[in-house]
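Naming follows writing order (A, B, C, D, E, F, G, H, I and J), and every chain is counted from residue 1.
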Amino acid sequence: MSSLINTQIKPFKAQAYHNGQFVTVTDNDLKGKWSVVFFYPADFSFVCPTELGDLADHYEEFKKMGVEIYSVSTDTHFVHKGWHDASDTIKKIQFPMIGDPSGKISRDFEVLIEEDGVALRGTFVINPEGQIKLYEIHDLGIGRSATELIRKVQAAQYVASHKGQVCPASWQPGSETLAPSLDLVGKI
Amino acid sequence: MSSLINTQIKPFKAQAYHNGQFVTVTDNDLKGKWSVVFFYPADFSFVCPTELGDLADHYEEFKKMGVEIYSVSTDTHFVHKGWHDASDTIKKIQFPMIGDPSGKISRDFEVLIEEDGVALRGTFVINPEGQIKLYEIHDLGIGRSATELIRKVQAAQYVASHKGQVCPASWQPGSETLAPSLDLVGKI
Amino acid sequence: MSSLINTQIKPFKAQAYHNGQFVTVTDNDLKGKWSVVFFYPADFSFVCPTELGDLADHYEEFKKMGVEIYSVSTDTHFVHKGWHDASDTIKKIQFPMIGDPSGKISRDFEVLIEEDGVALRGTFVINPEGQIKLYEIHDLGIGRSATELIRKVQAAQYVASHKGQVCPASWQPGSETLAPSLDLVGKI
Amino acid sequence: MSSLINTQIKPFKAQAYHNGQFVTVTDNDLKGKWSVVFFYPADFSFVCPTELGDLADHYEEFKKMGVEIYSVSTDTHFVHKGWHDASDTIKKIQFPMIGDPSGKISRDFEVLIEEDGVALRGTFVINPEGQIKLYEIHDLGIGRSATELIRKVQAAQYVASHKGQVCPASWQPGSETLAPSLDLVGKI
Amino acid sequence: MSSLINTQIKPFKAQAYHNGQFVTVTDNDLKGKWSVVFFYPADFSFVCPTELGDLADHYEEFKKMGVEIYSVSTDTHFVHKGWHDASDTIKKIQFPMIGDPSGKISRDFEVLIEEDGVALRGTFVINPEGQIKLYEIHDLGIGRSATELIRKVQAAQYVASHKGQVCPASWQPGSETLAPSLDLVGKI
Amino acid sequence: MSSLINTQIKPFKAQAYHNGQFVTVTDNDLKGKWSVVFFYPADFSFVCPTELGDLADHYEEFKKMGVEIYSVSTDTHFVHKGWHDASDTIKKIQFPMIGDPSGKISRDFEVLIEEDGVALRGTFVINPEGQIKLYEIHDLGIGRSATELIRKVQAAQYVASHKGQVCPASWQPGSETLAPSLDLVGKI
Amino acid sequence: MSSLINTQIKPFKAQAYHNGQFVTVTDNDLKGKWSVVFFYPADFSFVCPTELGDLADHYEEFKKMGVEIYSVSTDTHFVHKGWHDASDTIKKIQFPMIGDPSGKISRDFEVLIEEDGVALRGTFVINPEGQIKLYEIHDLGIGRSATELIRKVQAAQYVASHKGQVCPASWQPGSETLAPSLDLVGKI
Amino acid sequence: MSSLINTQIKPFKAQAYHNGQFVTVTDNDLKGKWSVVFFYPADFSFVCPTELGDLADHYEEFKKMGVEIYSVSTDTHFVHKGWHDASDTIKKIQFPMIGDPSGKISRDFEVLIEEDGVALRGTFVINPEGQIKLYEIHDLGIGRSATELIRKVQAAQYVASHKGQVCPASWQPGSETLAPSLDLVGKI
Amino acid sequence: MSSLINTQIKPFKAQAYHNGQFVTVTDNDLKGKWSVVFFYPADFSFVCPTELGDLADHYEEFKKMGVEIYSVSTDTHFVHKGWHDASDTIKKIQFPMIGDPSGKISRDFEVLIEEDGVALRGTFVINPEGQIKLYEIHDLGIGRSATELIRKVQAAQYVASHKGQVCPASWQPGSETLAPSLDLVGKI
Amino acid sequence: MSSLINTQIKPFKAQAYHNGQFVTVTDNDLKGKWSVVFFYPADFSFVCPTELGDLADHYEEFKKMGVEIYSVSTDTHFVHKGWHDASDTIKKIQFPMIGDPSGKISRDFEVLIEEDGVALRGTFVINPEGQIKLYEIHDLGIGRSATELIRKVQAAQYVASHKGQVCPASWQPGSETLAPSLDLVGKI
């Protein structure tokens, strides 16, 4: 088995709840800009709202970076609306909430737990060509951080736009980077 | 294909360079404590030293949390010693540097690029039972952050020791957590 | 392909929302009494509430007949609670609402639409031995009738308890029935 | 295994007894109007006549709804004539009685009991495009009701002719129906 | 493919109409005496009654020879009773009329026309050990003769009881037979 | 396995002894007229001559009916000549005696006993289109009757030339036949 | 494919004509003495009698050498008797004439022409252990010589009884032979 | 398995020692004339020289009959030369001595003993069309006779040039032969 | 399994360290001149430097013979540079040092120890057509000799340029050679 | 495919010519001492004698080192004797000359050229446990050197008896060797 890095995302077609509407989202909507696909286990369960609220609070920053966010669970879009209506935290969400009741998208991103029918906490950063550039997967109880995600997306975007320059650890925008050179081998 | 979350690590036996010695490391050495397995592409190449130096600088913190770090590349343990001798950055490393020239370990953690014979940048957090609790995989150029890794390990440890309490997003030690309760459904 | 009539129900284990609690339901809970398993497509969608409300309104009659009802959709038990809180119709339901997010139960009863991840409107009457005695399946838009279901369950129970007596069409409790006899062949 | 809902009926060609004649019936005869295909186990046996007589008594209503009825057993058309001649109940039948001695039609509708060579009591409602819209299957002894069947056909016809309007439970012609709207989600 | 001559009849269990009763007939009932199994296409069709009537008229002779007759069609035993009631010719039959609605017996004797679900006109003579000693199969329209059958059964019985004596063509009881001898080779 | 009735005879090419000559006979020679193919076990053995002599005695009648006879055994045509020379009975034969030493023809008509290399006593009546219309197979010792065969061929010819009229049991030329009509169902 | 030399003859059981009797011959009858198995195409055909007569004329010599001869064709033993009666040449034969109508023996010795059902002219010399020591096979028209066969059998017998002495070409009884020795290598 | 009689020889290409030269011999060299292919086990071993010397002594006769001889062993052509130089017997050989070190030719003529890597004593007579007309195979110690071989080749040539005349046993040139005729059947 | 002699080298593409540069080497670079491919287990391990230093010391001679040397280990080109920088012995190397971290080249030359991920000590001499003309493989501890390799390459080159002349054992440039001739067979 | 290094030699049993005798050699004879197995293409061909003579001239040295030599070609042991008698060079050989006419040994050492039936020039050094420690294979024309072989065997024996000491390139007995130590990594 090999990783999903640099693989093309698989085709999909799904219903999402977005700004009070039911809309159709396909893999083509992810092309031409950077995207974050953010899986979580289940609507109306306990910890997920805080992760999603954390994302909602940083949504403006992602938009400025030219990044769209798609949250995905195996609930239907009907349920997403029901939850959006019922929860104050979820009400803050302005990005599309994709319904994946057949589990196809979760299965294609290899985060579906088949026997439970729900997704693990998996975050995928996808470039404008539709290729997965980085991802992280957590066991069900372990929450993710929106600020860490922002740093990673920035690093991925920087590497993409500065071919030949390498991105050292814990890089932040504005940090100095290293242009690779034979003289550096064994020197750093 | 499903994810590696909660799977048992596969048996392995490898030579490592550790504190001036050549030692044998097996999967059994990872049992009984938390571990981080940290893959990187190649010794003597450019960006890796900064990531590994970042880890080396935070090694004391990991030790306090009861966590051992194992760096892994498909180079031999001979080469790890050669690099350790040659590079000021690598010289700081005090954790075991595993040699995986056959690629077996990298393949089992699904980070091996078969046609290149090198590993992607993959980080795996493993609990004392030898189960993978979270991981992240980056495309070759995108660096990782030791401080983010510390937060994640702390969250994983907290969840493991507080069954029934859930760990919200961006949690830091000392933050308030939520005990799950039916009344919370749809309320947060 | 043959029908499901007289086949044993397949083993399952699921979470349900029942009277303000989350409870576990297995195939063993259906043994020892008559059961109705009632599939519908999705929580928070349009027509289902009326069907489920119709069932809720006749629940007392089913109880008197010694029949338990289990409603099933591919939503989670969390969502069932969320819907029960939100909808006045659903609030009337006192029978267990099973969550089948993995689709296993729906697939085993052959009502799952794989590409949509939701169930058709299927009703199954199961005897105390766990065998399916009758069922009906409707395309998504076509509603079912609780009173018709009551008549069918009564007929099935009557046949089960009066072996050797046959149950003519449109039979209602108290109607005359026919005991089979060679003299009747070709006479009625 | 998935259900037969919305599948196309399989091609068939059979001999039937109809109004004193032997006629050929094919799957094409079912196209262009609504049809009910009504399986029963065996001519000259006990309970079947009452079910078939119940249907015969309501035949006029089905005709007004534009519905043709086809009864099917694995007996030959010769036997259907013999039974029609011999039985006062069967003599009332004016719809085609299909002979299926090879069991092909019963097998294609998944109601054939292979080891007995007879069909279960299965009723199928088929739309003018030849697609199965609803069906019910009973174990051998449990009779069906013509009036329930009429309600179901009416519901199926109503849904077919009022796309976008949904048909609530226990609907009867003239009842109010619900036009789906996003505002209804979670409200009924 | 080889012929059925000298093969053991396959096990079967069937319902038959016999002297006003429904009885069970199995392959074991054919053991211990000579039997004729007489297949025909369909009850209530045209030519079969004359063949069956011809057999019924000679039934006394068969009984005297210690032979039981079993007629078989793919109709049910219910239909056999219905036909026996309705037809003056069939009413004369005193031997068991086996119902083979699943076609198993007809298929095992290789006379079933699968696509029609009916049997060809096949006659099988079976010895007390359950082995087929001779058979004839006719296309559907070509009738059989009871007197010819009697001659054949007598010849088969004679050969069975006079091992070492051979039965010349057109042999009738009382005719001279030939005891085989080396001297006869090439002389007759 | 199904019967050979209405199957096309398989192609063959064989040497025969006919009227003092060695001639080639193929399946094409059987087309365009009615044929009887008459298998027997072995030349120079005991009972066969009487059967073949019986046929030879009635050969004129078959000719008048437009029927050719072909006798077949697994002996060579050389042996047929040798036998014809040696035996007074066989000397009467005027029809072609086919040699089938490879057993191909006997195998194709399913009368070959593979382990013995000889044929059972099988008689096949073939119409001018090369289709088998009736056949009978006897165990080795049980002789056949030429007069019965004549009756059967006449019946087969009558049915072939009077489509729509059916041939009752024991029919003889000149007997009355039944034209099928719906009114006869269940009446005879 | 390898040759038959030194292979064990395959088990067989056959009927033979021998000195006016029909006898059973099996592979076991060939054990304990030297045997010649002599295949030919067909009784009553042209050239075979001369070959067989040639053998018959030398039979006394074979007997003196302790050799039994078995002639084999795919004709039956009945035909062998018929031919023995009819032909002056064949009448001289005193060895067993095996009938192989199923072709099993001919096939096991690899001389059967499957499409013709007859054997090639094959001669096999078999030692008392049942192993084939030499054989020759001729196309159908090419006759064999009994005197050559006698020389070969003598050579085979001589080699068998004088292990370690080798039998030069064209050896005749009484000729000098060579005892193998290292000194002879390259010298003769 | 069937015999090699009348099969086409398989293509081959080999080195041979012939009249002081190393030459290439292929299957095509055998076309257009009669050939004898003469296998023997091994150069420099004991008995072979006498057989080969016997052939060499009769070579002139074969030449007059238009026959070429090819001796074959699994030794190389180098070894054939070495033996020709060393042995007085072999020095007489004027026909091509083929080297078959890979065993391909011996395997194709089915005389190779795989586990020993040497050939049995096999002689094959091949007609100008490249078809094998007769062959004999001896176990290792049993020598062949050149004069017998000459008789057989003459018989094969005679049959080939006198189609329709048959060659009786022990035929020698000038002997009378039999023209086949129907009158001879059973007479000789 | 057969040897690699005279097989074409398999296509490859690799990174090498050569004279202070990272360069790409493919199988095509080996065409058009003689090449030595020299595998060894691992950089920075013990004995390899002396073998490689031995080769480096004789590099001038190889160049004069028109031969390029390629050393190969499963280390990366980065590591080759690191070792070149660190080791006085390796610093002398002027030929390309190929990195084969995926093991593809080592596997194609059949020297990879799969479970260790390192190569055996294998030396391959390849002609300008890319065919392997000789090779030697040693167990891990057994060193090779550059002077022996020079002699072998010279012999291979001599044979290639003097077709028809053979190269005796221990041949050195300038030694007398043997032109093959039939007269030499068995004489030297 | 992997190399033969450290594999166990396969079982074999062969005839050899040794000191004027024919003897049997098996794989067991190679156990308990060091062995050289020396393959060459063919006796009586051109260049082989010089290689073999070179070996014969150094045989005394090999004996002193405790090494037995076995030469192997696909010729028979008869031919080896013939060649030994004929050639002055070969006459010097005192070690066993194995005959491998079936090619089994050559095939097991992967030096057989199947289509030619001869072996490549392959030399194998085998330790007393029967494991192959080094080998070299040359294309047919390229000769080997006995003195190089002696050096290699000495190196292999030295490594075997001095575990933990490594044998540098071009090592000769008496040379200084290196004991491996971590301090040497990257220093030589």
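Simple rule for what comes next: contacts are C-beta pairs under 8 Å (C-beta built on N, C-alpha and C of every residue); 3 or more make two chains touch, one makes a residue touch a chain.
The chain lineup, named per UniProt: A, B, C, D, E, F, G, H, I, J = Alkyl hydroperoxide reductase C.
What you see is a predicted model; the values in this text were computed from it and never measured.
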Self-contact between copies chain A and chain B, residue sets same or different by half: same
Chain C onto chain G, rotation angle from CA fit, given as a multiple of 5 degrees: 145
Averaged-CA centre spacing for the pair chain H and chain G, given as whole angstrom: 22
Distance from the mean Cα position of chain H to that of chain A, given in whole angstrom: 82
Distance between the centres, which are taken as Cα means, of chain J and chain E, whole angstrom: 82
Chain G and chain J, separation of their C-alpha mean positions in angstrom: 51
Residues of chain E touching at least two other chains: 44-45, 78, 81-83, 85-86, 114, 185-186
Contact set on chain C toward chain D in their complex: 1-6, 44-47, 49-51, 53-55, 83, 86-89, 110-114, 120, 122, 133-139, 141-148, 151-152, 155-156, 159, 166-171, 178, 180-181, 184-188
Residues of chain I that touch chain B when the two form their complex: 42-45, 74-76, 78-79, 81-83, 85-86, 100-104, 114-118
